[in-house]
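Submitted below is the structure of interest, expressed as structure tokens.
Chain lettering (A, B, C and D) follows the sequence in which the chains are written, and residue indices restart at 1 in each chain.
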Amino acid sequence: MERRIPTREEVLAYLHERRNWGRWGANDQVGAINLITPEKRVKAASLVRTGRSVSLSRDFPKQPGGGNTYPAQHWMKTVPRGTGGFSADYYGIFYHGIASTHLDALCHTWDDQGMWNGRDPQQEITFEGAMFGGVEHWDTGLITRGVLLDVPKHRGEPYVTLDKPVHGWELEDIAKAEGITLEPGDAIVVYSGRDASQAAHPGQYYEVPFGTPNPVRPGLHASCLPFLRDNDIAVLVWDMMDASPNGYDLPWSVHGAIFAYGIALLDNALLQPLAEVCAAAGRYEFMLIIAPLKVVGGTGSPANPIALF
Amino acid sequence: MERRIPTREEVLAYLHERRNWGRWGANDQVGAINLITPEKRVKAASLVRTGRSVSLSRDFPKQPGGGNTYPAQHWMKTVPRGTGGFSADYYGIFYHGIASTHLDALCHTWDDQGMWNGRDPQQEITFEGAMFGGVEHWDTGLITRGVLLDVPKHRGEPYVTLDKPVHGWELEDIAKAEGITLEPGDAIVVYSGRDASQAAHPGQYYEVPFGTPNPVRPGLHASCLPFLRDNDIAVLVWDMMDASPNGYDLPWSVHGAIFAYGIALLDNALLQPLAEVCAAAGRYEFMLIIAPLKVVGGTGSPANPIALF
Amino acid sequence: MERRIPTREEVLAYLHERRNWGRWGANDQVGAINLITPEKRVKAASLVRTGRSVSLSRDFPKQPGGGNTYPAQHWMKTVPRGTGGFSADYYGIFYHGIASTHLDALCHTWDDQGMWNGRDPQQEITFEGAMFGGVEHWDTGLITRGVLLDVPKHRGEPYVTLDKPVHGWELEDIAKAEGITLEPGDAIVVYSGRDASQAAHPGQYYEVPFGTPNPVRPGLHASCLPFLRDNDIAVLVWDMMDASPNGYDLPWSVHGAIFAYGIALLDNALLQPLAEVCAAAGRYEFMLIIAPLKVVGGTGSPANPIALF
Amino acid sequence: MERRIPTREEVLAYLHERRNWGRWGANDQVGAINLITPEKRVKAASLVRTGRSVSLSRDFPKQPGGGNTYPAQHWMKTVPRGTGGFSADYYGIFYHGIASTHLDALCHTWDDQGMWNGRDPQQEITFEGAMFGGVEHWDTGLITRGVLLDVPKHRGEPYVTLDKPVHGWELEDIAKAEGITLEPGDAIVVYSGRDASQAAHPGQYYEVPFGTPNPVRPGLHASCLPFLRDNDIAVLVWDMMDASPNGYDLPWSVHGAIFAYGIALLDNALLQPLAEVCAAAGRYEFMLIIAPLKVVGGTGSPANPIALF
């Protein structure tokens, strides 16, 4: 992989020339998750040795705050029942954005050439939900080998900064340093030190209201696109997201992997605990499990991803 | 196990004398999930051989209907973004009841002696959520061996009927017939043929509005309580629930396993597909994965449970 | 007014030939509410003599039930504040349908010729709300003379039945019998005895789930359309709605008055108390006040209409 | 009225010694709205001369922002219906706070001595709503004489500032200067120039997130309490609220008028347009109409208050 900033034409080529449209059929709604074969799941399960389980989920984001423009709703009831009773609650969440740990379905993003497999969002996205690429097509879960790529550790710095976005060749270096050979259908889990970054920059970056035009946020560079494509990655789990602005005046850089490659993105993961476990164990691969809610026509799902060692 | 209907005193003894309060400490909020040790998870993972994955989730219940008094909400947006755009959606759900596939946390039920570990619901259940026994204490997931107990197959009948509730000794028989020896920390998945029952009884049983007083519903008898306790079951996944009325004028029969034993209940699972897979493979054990949303103070979580073979 | 059932062609003519499109300008979003001039409001206020105030609102429909497919949400909080505190609550409602007392805005209905003033719903109704004919254009309220037309009293029957829908000429007769001369900008309040009808037909008519195809409901006949148009009625308040099926295979009969004439409909009013007050006082006119929430792009509003005598 | 800052003891006396508990019966849930007699409504209607109608409502607060921590929800649907169709929408709002124009019911606030009429909030405020003092007790509307008290005009300053809260004696002066003699059951509408203040102080005062501890906000001083009580005011409509901090370490200063006097507060009104109309007409009284949603057990209601001249 060439170690230089790609040109706009190159990035467009990543998104348009190397895309996976038609690779699993013109009407496929599963995308790169097709790469997670039953054999791949068996291999993932075979990685479980100590039984340690780590949640990659942040708390359901009830608290308002800079990055949490639309706080999740949690309303309670108690109901008497004879000499006993029960408690019940309502959960409501507009989960995309920068606060909630959630999965993006194939219908979530598009550019001027369309959604996954070339579909037209004007046709497919309706008041009733997505007619194509909804999250229900992943209802058997995303269960595969997860590989942590620990950027702060590799850099010897506490977190990814604005001036040094994560590049594809850097991910390559990290995998090699960790002794990992990537394989088709893998999930990569890119840790960028988001929480340390936020502690150092309160009110900035991932605490700027979602929906603010042209937000400034450290994260991954468009150069990660060919890395994802070359390695046939199926799932990208991350704590920081696309470096923003992306520098190419494109609606999407790394998030373009959804519509171009059919890759599942798991946004706003909590990765510091995972990084600590991996570093302590000297082990960067594990069984990764993401079980999205089965919402027909849903554009994704809040989720609690689990790494099992 | 004695094969007779227990008396009211015996059922009260199941709930009050054999309870697990204090077994894992007076302040424990994990309950029988403590039985799912790391070793147990390793053993569960070792069951994965073919890599086949089966979802045990019904669709997110958006459609109103008899059993779905409070339909789940799914609202859509599309948002332009430069030359592209994205779709996003809101999910809202009051998930307890009989429509949604969901997990019950330890704070969900109580009788006159209190909640799990003897806590007082008047103190613990607040407008802000549960202060004790919230679902966040299970954030590393419920990952253990799952064992399907297929009642209709065992009986040679399409579904459990009102007049023949499922008894504890019957579950024992089924396990034996399937060649299963139950072990502490197992999840049992009790298939009662709910969907076939509903097809035969439209508008009745699990299609009667949630909240109707004294509903009539086929399901599991209070005699299952000692079966759960004797076998140190950690998780009960089921499609039908407590046979109702329970016959003892108690607020809870099988649902009492939550507050008495600290067992996790996964209600309204979709089990016919799983039963078919098990029957075809002649195999009744698998790796079971439930990954609840991490809602601090939540009384449970909608979930997509996954069986991995 | 001719006393016979109109033909399909005549009904189509009511909707398409006599419509008010362009009457107040091609871009008008106020519709027949333009007929409620300041002078009209002054006259309405001059009707206030005893100061008696009557609410025409049903309770906010929190309870699930046949006609209440999507129960309104009411969630509570209490919040401590020093040595005191406060309570606060969330209201949520999908208010159209047959359960909630609510106002329909000009964007609410259309047929194949379009929305109010000929606008195209495909263009105007977006994920962000209605771009044309939203309820905010009525933010100064609907304040005019209200006239009760008491059908049960006129008929000497407790309620309107399926086989005898309310016709336009009957409304004419009732007004005359009540000594009322209708004037442009009036609100007519058509009482059909809905609650007595429901008491006699539990689970039918207005208790059949909203969204059921081809519902059967007593109410007003398409022959009321020319009555509304001839008299330049601005607002129609009613307890029963369009008789259904409408008998013409049209998407809308009386509800067509919204897009054809620009009339505001106030659906599911509670009218028995008003009818009793009017009968006792021998007085059928009053000051009517409807103050919709100011929701930009809203398709209507839950409301508490008030009659002031 | 003495023109000096009251002591803490005096403010406590306003709240505890001069309160209206029991004045309309020990179980009364209507409070000072009892002062709005039918005769009072007749007099209010008699004020209508030009028929001009002015809305005092801000837009339904959908947009996130500093002062709008919990944005109101507005979700859209379109539904086809034969050759036509309809649009419908969901409104959801947690309306208390500083963003939404809304009414406070008698159950909304309390101090250590209790809620309106001495009730105990621990007993009365439940998961099902308020059992006492809910907004449904005002379902016939708050319809009375409204009197604008224009503080900026009186001061010759664009808005009320932090260092000069509005005092009771100043309201007295303003009424006199406007030629108004207050009468029992009146609604006073106190205009403080909130929007001009916010334009000059972006991100401060009424744009600081609701829920921030010890917010700093200009507004009305506790000295307004005896003014409200002496004049038997029934409704207080305002754009700014209690000056904060209130200076007495009390949970509530002016908001104490709810539990002490039974007065209805209409918070976050939009008053600049009204002030302009009043100034242009040289007329400060009008018919005021507030029609809350009829939510049984509701702690208030979003509302669109209307001034009719």
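Keep this in mind: a contact is a pair of C-beta atoms (placed from the backbone, for glycine too) under 8 Å apart; a residue touches a chain by one contact, two chains touch by 3 or more.
None of the values given here were measured: they were computed from a predicted structure.
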Seminar exercise, completed: Note: chains that touch chain B and chain C both are A, D
Exercise. Chain C-chain D contact: same residues or different, taking over half shared as same?
Worked result: same
Seminar exercise, completed: Here the gap between chain C and chain D, centre to centre from mean Cα coordinates and rounded to Å, is 29
Exercise. How far is the middle of chain B from the middle of chain D, if each middle is the mean of its Cα atoms, in Å?
Worked result: 48
Exercise. What positions in chain C touch 2 or more of the other chains?
Worked result: 73, 76, 78, 90, 127-128
Exercise. Line, ring, star, complete or other: which one describes how these chains touch?
Worked result: complete
For this session: Could you pull out which chain A residues touch chain C in their complex?
Result: 73, 75-76, 90, 127
Exercise. What residues of chain D sit close enough to touch chain A in their complex?
Worked result: 64, 69-71, 76-78, 127-128, 209, 211
Seminar exercise, completed: Given the complex, residues on chain D that touch chain C span 37-42, 45-46, 48-55, 57-60, 62, 73-74, 76-78, 81-97, 101, 107-112, 121, 125-130, 136, 139-141, 143, 249-252, 287, 289-306, 308
